[in-house]
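Both complexes shown next keep subunit A, but they swap its partner, so subunit B is in the first and subunit C is in the second.
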Partner chain A sequence: MPKETSAPRKKYPPEVSKTTVIKGMLRTSLLDSAFHLLMAILLITGLIMDILGPWLGGWLHWMRQIAHGYLGAFFVLIFIVYLAKILYSKKMRTVLTATNYVDFLFYIAFVITGITIASVNSPWITYIPELAEVLAPIASYAPTIHITGTYVWILFSTVFPGGFLHGLASAYLIRHLKKRSKRGIQ
Partner chain B sequence: MEYAVLVDPDKCVGCRACQVSCKRWNNRPGEETSFSNEWTNPLELSFNTYTHIQFKLEHNEATDEIKWRFFNWRCMHCHEPACAEACPVNAITKFEEGPVVVDESRCIGCKFCISACPFDIPKFDTVTGKVSKCHMCYDRVPSREPSCVQACPTDALVFGPKEKILQMAKDRKVELDGHIYGDVDNKPLGGTSFIYVLDTEASVFGLPEVGERAPVTLPLIRNSKWLLIPAAAGGLLYLAAWRNSRMKEKEK
Partner chain C sequence: MMTAKKFLDNFGRSETLWMYACSRCGECVDVCPVYEKTSDKYTAPGFKIKKMRGLITKKLAPFTGSPSKESVEKVVKGLYECTLCGRCWSVCPYNYDLVELWEKARESAYGNGLAPESLQQVEEAIVTEKNIFKRPHSRRLDWTKDLDVPVGEKADTVYFVGCLMSYRGQLKPAASALASILNAAGESWTILKDEVCCGVPLKFSGATKQLDALMDTNIRAIEATGARKIVFSCPGCYRMFWQEYSKVLGKRVRMMHEIELIDELVKSGKIKFNGKLQERMTYHDPCELSRLSGVIDEPRNIIADIAKGFVELPNNKFNVACCGGGGLYKSVDTESSIGIAGERIAQAEQVGATILATACPSCIMTLGQAARSRKSKVKVIDFAEAVAQQIE
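Let's turn to the complex of A and B:
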């Protein structure tokens, strides 16, 4: 007689902790994890500099230079790859990601203004001198857009989490899918 | 009391004594430089070069005469400096005597001041990661005149109380039948502590047209952080609602 084996019962809902989420993220996509980690670092360091700057002054120099500057430059590279991956992928999951995160519009604004602010000197201007002329028209407004945009983004994300931005995105996605299904029927 | 410097390019002979004197007083190292086609050297201001003379060669086609114009250039020390308004760490101070000074120990190198300055004056250094510019020799003023003024052999730069300098500028304007840039005729950013008296249009010297007030968008840099209050209130409301629903679930 073959011995009866019983498959381990899975708990529902599964137990989820911060560690399992982080492990899951890393297992699913390193790019995704790097993107969100860098975004979090840039947001936190930016807020610290802006809010505590008048008191801490020069103590924040390393933070601006390394955590917000060099990591910011690295983030731009990751962002480009991430965006390219989403735009060129035909997977539904990524389509959902792209449309759900209207926040990407904010990210694009932050990246462009961040490069504009940084491009008055290395590294961007050294490697791509043409950037100076291209970004010149928004140069004087870049800091305002960068900082005010961040606070507007925080406001929307906390007051309307999953509501305002994601609502817009869902409405767009549903309309898009309806159009596609109609085309399929015809 | 507010002090000012009168800059009279018509009296300047392009000897560059102001450039050298500035370097010496501020103990700034020399840099590898080059000449422009019109012999300006160094070509532009830098972290270690607070002032320079711009050379301009004019050719009058009607009379076939040429004229050299020599033009001292550095920070204008505005009355309402846009750079100070933009600085998130209060590293830039406008002194009541006139100088606008960058405290390099407080500077975090965010470059907001560079973006804000309509005269493109503050310069960033990649080695130190800080910004610097002319400070109108605030460590000498008002008991002694700024280093560049002291070195000028032709009185193309004159230092004194602002009222006196303005009167001198007005008299000189009549003599030259010219314009005053920085005060009286136009007041970039509320008026400047370096006042030019010019015998021709300001655009000939490459001086930009700047409004009397800083752009209205600039104060947003400092004030937008108040948006955190409604954001925090919204966050707290969500937290309360989430806690409430969780309690109900537990009761069930």
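Let's turn to the complex of A and C:
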């Protein structure tokens, strides 16, 4: 018999709205929701800093430190657990495409270069001082790899539908959800 | 002629976006009864979405070539190896209407000549004899012989019997039980003189081109009776009516499953019970009725009045595990279908039930067949039968 579930009662045909989607995601998996939310924040803040940085400079310091820095550090922890979950779970491995796996290689590169860039200050160097020495050889290339890699990944996962296109499609659908229940005859 | 290249051409922007938006959480994979039984990944909902997304990408993106016939056939096979029970939808965090997605994909498969042959025979049967079994249309009312059943009269309520109840001898006690309940309650009711298949098997198989003609016949017959209420024994017919027929009938006619009607009759005091079943009884929620039509509390209200030793099955109510007989799956893979039903019978045995009541002719047939093949002591009956036995 399939796994016994206790999904909350819903109405069919589904009434789909922003709230039901967000609630559904949170209910199904906090880890999954956190991974996707942090990914979106890191991508958006990263692009803002790279594109608007030359003009806004110091104004973006808080974003660099908190939204991209500390949240980025938190993302690393979430990402490790998320990867472990995928490797452990047959159901998740079943639904992932080859592009998704390449996406994960990109994410690993972003994590390593991100930590390298962040290691010159907190939080990583504070708690794991040995990291500075380990990452020293790539310290000078890390920012270039991190930024260039992001644009390559955007291109890659758009051409081969992967994480970026999935994010765009999700954001578009959630933004435009207005599908109401067709029932109402009772 | 098979035209694999046109498969999924009926998908619009919404379906395409949803497939890209799928978060690949895999929740649906865990709960699919067919995947659990067959371990064929092409039956896993999330995997089907992944493959359909791949086919659509090949259509949309340049330089990727067109989908191969083999890959399309594998996806189509997976689409029909599905009970359309909606359990994948029930756990989908996006709350996406996966049942509609499967039905739409089947429509495309059928339209391109990719559907299994057994389902093409279903269409032929319905077109020629207006029923799923290809039995003579003239014998649709045979079950009413020797029963007090009004046919084609002016009445407040129409009992839409459905193909299974009309033609399957095994289900005659169920249909006559509802007739006796309606008579006991003093309802003004009738069955249609010229009832034809509601069209749900065509919707399930994807042969939707023939739907309009069937719907037209039934709607005209219903309107001729002047009825304001239609009652169904079959949850498939019921969902077909509230989802499709209601677009034409609007709010002029109220549609309800027999369980909802019985619940109302009990509450209004029109029927009373003279005792309670002494045997240990359990209830299997039909997917179409509980998960997809929201009728969950009503049967339990009635059971409290008619059964002394009621016991719930695991995987019940909204989260019910399919009996294996939905979505025409039995026509596609009978052995697996009965295998899934066998597990449900085993659960009934485990909870110590000797009577398994359900409210769907397809569930009764599938579970009954599984019980017989297991030589189980569990007796599968229609809910209306259990009620009729206790009426004063």
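As a working rule, the second predicted complex is superposed on the first by the 129 of 186 C-alpha atoms of A that agree within 3 Å, B and C clash if a C-alpha of one lies under 4 Å from a C-alpha of the other, contacts with A are read in each partner's own complex, and residues count from 1 in each chain.
Following the convention adopted for this analysis, a residue touches a chain if its C-beta (ideal position, glycine included) is under 8 Å from a C-beta of that chain, and two chains touch if they have at least 3 such contacts.
Every value quoted in this text rests on a predicted model; they were computed, and no experiment measured them.
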item	value
Contacts of A:Ser89 with subunit B and subunit C, given as first, second, both or neither	second
Subunit A: partner with more touched residues, subunit B or subunit C	C
First (subunit B), second (subunit C), both or neither touched by A:Ala118	first
Partner chain in contact with A:Lys11 - subunit B first, subunit C second, else both or neither	second
Contacts of A:Asp32 with subunit B and subunit C, given as first, second, both or neither	second
Partner chain in contact with A:Thr20 - subunit B first, subunit C second, else both or neither	second
Contact residues common to both interfaces of subunit A (with subunit B and with subunit C)	159-161
Of subunit A, residues touching subunit B in the complex	49-51, 53-54, 56-58, 60-61, 63-65, 69, 116-118, 120-122, 139-144, 147-148, 151-152, 154-155, 157-161
Subunit B residues touching subunit A - in the complex, by the definition given at the top	86, 88-91, 103, 105-112, 114-116, 118, 124, 126, 129-130, 215, 217-218, 220-221, 224-225, 227-228, 230-232, 234-235, 238
Residues of subunit A defined as touching subunit C within the complex	1-16, 20-21, 24-25, 27-29, 32, 36, 89-92, 94-97, 100, 159-161, 165-166, 169-170, 172-173, 182-183, 185-186
Subunit A contact footprint on subunit C (complex, rising order)	17-18, 20-27, 29-33, 35-36, 41, 44, 46-47, 49-50, 53-54, 57, 61, 86-87, 89-97, 99-100, 242-243, 246, 250-251, 254-256, 291-294, 296, 314-315, 317-319, 321, 343, 347
